[in-house]
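Take this structure first; my questions come after.
Per-chain numbering from 1; labels A, B, C and D assigned in written order.
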Amino acid sequence: MRALSRGAIACFQLMSDSPAATDRIAVGIVGASGYGGVQLVRLLLDHPHVTIAHLAGHSSAGRKFSELYPHLGAFLDLPIQAIDVEAIARDCQVVFLALPNGIACTLAPELQARGCRVLDLSADYRFRTLDTYREWYRPDDDAWPTDAHRAANDRAVYGLPELYREAIAAADVVGCPGCYPTASLLAIAPLLQKDLIDPDSIIIDAKSGASGAGRAAKIGSLFAEVDESFHPYGVTNHRHTPEIEQICTDLARQPVRVQFTPHLIPMVRGILSTVYATLRDPGLVADDLLTLYRNSYSRQSPWVRILPPGTYPRTKWVSGTNTCAIGIAIDPRTQRVVVMSAIDNLLKGQAGQAVQCLNIMHGWPEAIGLPKLGFYP
Amino acid sequence: MRALSRGAIACFQLMSDSPAATDRIAVGIVGASGYGGVQLVRLLLDHPHVTIAHLAGHSSAGRKFSELYPHLGAFLDLPIQAIDVEAIARDCQVVFLALPNGIACTLAPELQARGCRVLDLSADYRFRTLDTYREWYRPDDDAWPTDAHRAANDRAVYGLPELYREAIAAADVVGCPGCYPTASLLAIAPLLQKDLIDPDSIIIDAKSGASGAGRAAKIGSLFAEVDESFHPYGVTNHRHTPEIEQICTDLARQPVRVQFTPHLIPMVRGILSTVYATLRDPGLVADDLLTLYRNSYSRQSPWVRILPPGTYPRTKWVSGTNTCAIGIAIDPRTQRVVVMSAIDNLLKGQAGQAVQCLNIMHGWPEAIGLPKLGFYP
Amino acid sequence: MRALSRGAIACFQLMSDSPAATDRIAVGIVGASGYGGVQLVRLLLDHPHVTIAHLAGHSSAGRKFSELYPHLGAFLDLPIQAIDVEAIARDCQVVFLALPNGIACTLAPELQARGCRVLDLSADYRFRTLDTYREWYRPDDDAWPTDAHRAANDRAVYGLPELYREAIAAADVVGCPGCYPTASLLAIAPLLQKDLIDPDSIIIDAKSGASGAGRAAKIGSLFAEVDESFHPYGVTNHRHTPEIEQICTDLARQPVRVQFTPHLIPMVRGILSTVYATLRDPGLVADDLLTLYRNSYSRQSPWVRILPPGTYPRTKWVSGTNTCAIGIAIDPRTQRVVVMSAIDNLLKGQAGQAVQCLNIMHGWPEAIGLPKLGFYP
Amino acid sequence: MRALSRGAIACFQLMSDSPAATDRIAVGIVGASGYGGVQLVRLLLDHPHVTIAHLAGHSSAGRKFSELYPHLGAFLDLPIQAIDVEAIARDCQVVFLALPNGIACTLAPELQARGCRVLDLSADYRFRTLDTYREWYRPDDDAWPTDAHRAANDRAVYGLPELYREAIAAADVVGCPGCYPTASLLAIAPLLQKDLIDPDSIIIDAKSGASGAGRAAKIGSLFAEVDESFHPYGVTNHRHTPEIEQICTDLARQPVRVQFTPHLIPMVRGILSTVYATLRDPGLVADDLLTLYRNSYSRQSPWVRILPPGTYPRTKWVSGTNTCAIGIAIDPRTQRVVVMSAIDNLLKGQAGQAVQCLNIMHGWPEAIGLPKLGFYP
């Protein structure tokens, strides 16, 4: 078990009643130095079927992971290597890519060609048609995508397990959803699937903690700027809009346009999405929807929790877990439904969901290796 | 100048090129121990035409103000007296009431009968018809309101200066607006006045810092509960809903129902309101609305600031000021307008607005004695 | 396994490769509604050798635990019962007491008489001589302690595993240390044991997050009061002073007086203790002390982590874990040593340490059932 | 009055009963884009005897100030010019330098030669002997300082008004103190002046909000890193140590070495310094020291506030003001005095103090143009 220093093994050996290292799957993390990377390391260190076999990165290449995150130094002392497809493929069966947008679309096909399964945390494999991706992410890049990009993209699957579980199980490349789309789509999906709302009426007012911006040194992410402030951004043009619309359209079996507005909350972790839609049937009551939501999610979906009537989600309740908590209200005065969902943006909204996909890809229970009990307060 | 201790006078005497104490109006603050009270004290200590002549309260009666707020002790060392209408009226020309709902409706008529003008910060005088108030605030109180309550209420004015400036100037009792209604109404008013939106389409997704809950010792307001969390509350049934609807209805000259959802932000001060509405004319562009908003507010309204296109408000920009900052976006994809407004919930959302009304009632410039330059960061 | 609802069992059953419920020890938590209680519930739900069999409380009696902490409702749906010694002893082999000071000293002997082992999180069993306790905690209570109290106290053990591991293993009543003493004593102990510092020179400047004040509704703990502020309290007279001095005296084999000053940090979790002392031997260098500390702790103490030279602890590194991280600096200019220690005040500083003691009392590995990998950021 | 846009003048003209623009002194700010710069702009916009005539900067040259700080855009719309000594001297009588260390020592002499008085906020003019400065700030720069640097430095004055008021009044170049030294020296000065403590016993445990690191994009200053964390830094070797020692030595008339440890608090503004020292006379009581401190500061020093016995300062009390609040405790058990001081690190710790020096240099009252009433909470 390479990921543990000898001292740590001595201390913690009795904590693992889990498979021997030889039975574990070797995984690599490319882009290990960011917040996505450190979440993956944290989760995978605790995963009973996995060994972290390779860390790679660009700006952090040559440094030890323990220098970047000293608190994990006792548990993982691997160096971060320069990105080398051959080396990664030699060491790993599965590779997580936690890189800026626009890199995975080149890297993933090479890894796949060498036998690796890939979970990508960027936007590169989230879109069914790369034209949509280009329009929102690379508007001035006429040379992109190539036919090879299109071919690779056609084989990728959107990694939202609660909606695309079976496709994920069979996939070699998974495009893990954005944080906002995860929270928003889990909130709205049952209504669209059952055709209960006017699809043109959807308004998603979403709010995220500051860790969503990553570990990049930007003035707008400084403590002094973010703390004691709250503001919207990307109004009418945030890149998660087409991602949400693509899945809504898929669920509704008709084109759906949504109004999506993200805001920055002065806290580290958590997304809360408040979704408004007009009900087709004004006679629906909250209990109807609770039953619908529980049926949609409960049986197979250990990570979605529908709250009782009158209870609305709080990000603190799901912080440090892979859970999505959903609360539902109907307003008879306005004939609207208000669905509120809360996730930990770095877990269910990012790295946790990627591990959930990994579990599905290997036929393991969906909940294994993922935190279910948050600390409070 | 009773409000200053001798030492402080010595230190700061040169800071006041302002009217002598004898020319100042004597004001009282009833409910001086809460966050509304301390804001009023802070503002009025700096107001050139006012002297704080009387502090009163219920639970804090008998204590000195400087015990409750030691940082202001050098500037105001008055005791907080038990609430005594005769004593208040003897000491004061104007009285601010910063009390829980349901008390001002009894106290204000008595003060008015003794010649005082009253600015009430509670909900008691915000509603044109007390039936609406009773429905949302005192649903089980059949004995209320009496005819006397109704008569007093008929003479009260809604204290949102940007919309009701002239009525405020002539009023003896002003019902100062709630914090959420202030931010929301300033955002939406020009659209309703000009009939540019579908009035049934208004959705107000509002977010407030924790000081809005006041200085009451409640578990839900503890640091450990609020910090690093974000959540909605009062979904579909918050009491500020009918207050917003009443004014919207007045502006639109037709009944308006709004969807209003408040959320709690882990920060002390600030409200941000994100307002969505469907445009009647899909050909409108952002510049049209900017012109409309600037015309609506700029000439007479020093405390509303319309931001340039593409700039959206941040609560930090207005913290510690009486300013309401408004940003406007049009989404041609959805034919909606998104108006975002930010205020300091304790100033423009509460005490600052009350002082602005005081200025209007006395024919002083609206901006006098109120902070315009916030500290940043 | 009563502590899990059926649905949760279905979802998470594969996560437990752990002993069957019949092999687990039944534990109870008295005082389950506070922050100490919810930490214990959280930790014990994940402990492979324990079943939560009984919850009791005073003010919360009659309510369900899931009402107080909805986020844990899927995992523990026990009611909180009124405190009844017979019922507790019938259900439990081990009882955690998480109550205000002054109650455990009456409750623990009764539980012990009925065969329960007791871990007390209050101050009641922390003092070798009850006279010291009375002086600092009950100065006006001449009727206390009785001989029975003294007898019970004589059998209790101070629950700081790194210093009193063997005594804890044999104890029936463990008085778990305070949060500040835990951080401070682990920082200073090796120096006193080896007689390397002037014992009169110890100054402990300690800082704690707001959760240390518990879930009591107090104005001083409100978000609006605590956030964006920092202040000392209990200067020269905090009750953790005699607790620290008692253990320092024990370690130094001579009377030790310390200067202890706690401060409140605007954050939820974490204590950082900065300890200053004058070195007897000015020729000591940092490497000497690193070796000493590593020898003192590393072999048997999985929960103490000595940081490399020049690295100083951050509370975020240990948040959500039972780890105490210690950094050491020597200042040759002043001939002082500066030792800095960080813990999660609710885990290593409270509930986690109690579970660590439980592990020792049952001969289980010290690290079992306790979180070692914190989330970051 | 160039600093105000026409619209703002219309709105706010009645707020200024202050001197006409022609009587105002023209000041410039070099380094206007940082947090020091924006504080200066904010304060000087409200100063009755000053007009902001020139903004300059390096990285921000060519941009408008209102782009960087939109919330002040209505009040100051000057461009930030490239640093040009001739242009600055032509426009300004007084220049504030808010630049990184090592630039002012070149710029100030040139400005002074052209008739400008200079207030420098960097470390360049804080040291009586440049050898000390070089040792701590430029250890590898053998070519520095030149004789010209030494000559310029000999004419500079340390800008802590409470200690060096008369020298400041006559100075042409003022080296404004660091934030930590300001808080620490005001806490300890009366004790050293009266020889009441053992000068070798001074330990300063200081804590600062995150704005002290400035508006530089650094990973360590990101919200996600700073929030919910607390840690020491610069242990035994922070550059403010020799600055504090220099003034302590001056006050004590004998060499003084201090132990100084700074920590980072997860909040924006504020420093709290906890200072420990051993009393020479163990019979001293708190009242003696209160009298001493009040005598030392009260008469001439409007910005130092000595708190009553048993009251200890909170950073929130002084946030947004130029006040330094000091609380004093004596511990008869240890014969130590504990002095705690709180300031707003960006006002009394930086820009506010510079304006206070400006007031002294021009014979204006020390308190003029500076905020005395903080907002709370």
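The rule we apply is simple: a contact is a pair of C-beta atoms (placed from the backbone, for glycine too) under 8 Å apart; a residue touches a chain by one contact, two chains touch by 3 or more.
These numbers come from a predicted model, not from an experiment.
Minimum number of contact steps separating chain A from chain C: 1. Of the two chain pairs considered here, A-B and B-C, the higher C-beta contact count falls to A-B. Copies chain C and chain D of the same chain sequence form an interface built mainly from equivalent positions, shared numbers / all numbers used being over half. Most remote chain with respect to chain A, judged by CA-atom centres, is D. Chain geometry summary: the mean Cα position of chain B and that of chain C are 45 Å apart. Per-chain CA centroids place chain A at a distance of 41 Å from chain B.
The set of chain C residues touching two or more other chains comprises 35, 209, 211, 215, 224-225, 227-228, 266-269, 314, 316, 377.
Contact residues on chain B toward chain C in their complex (touch as defined above): 35, 209-211, 213, 215, 217-219, 221-228, 266-268. On chain B, the positions that touch chain A within their shared complex are 200, 203, 205, 207, 209, 224-225, 227-233, 235-236, 257-259, 261, 263, 265-270, 272, 274, 276, 312-316, 319, 327, 329-331, 333-334, 336, 338, 340, 342, 377.
On the chain B side of its complex with chain D, the touching residues are 7, 11-12, 14-15, 17-18, 35, 38-39, 42, 45-46, 48, 69-72, 74-75, 211, 215, 227-228, 268-269, 298, 302, 305, 307, 311, 314, 316-318, 320, 325, 346, 365, 367-368, 372-377.
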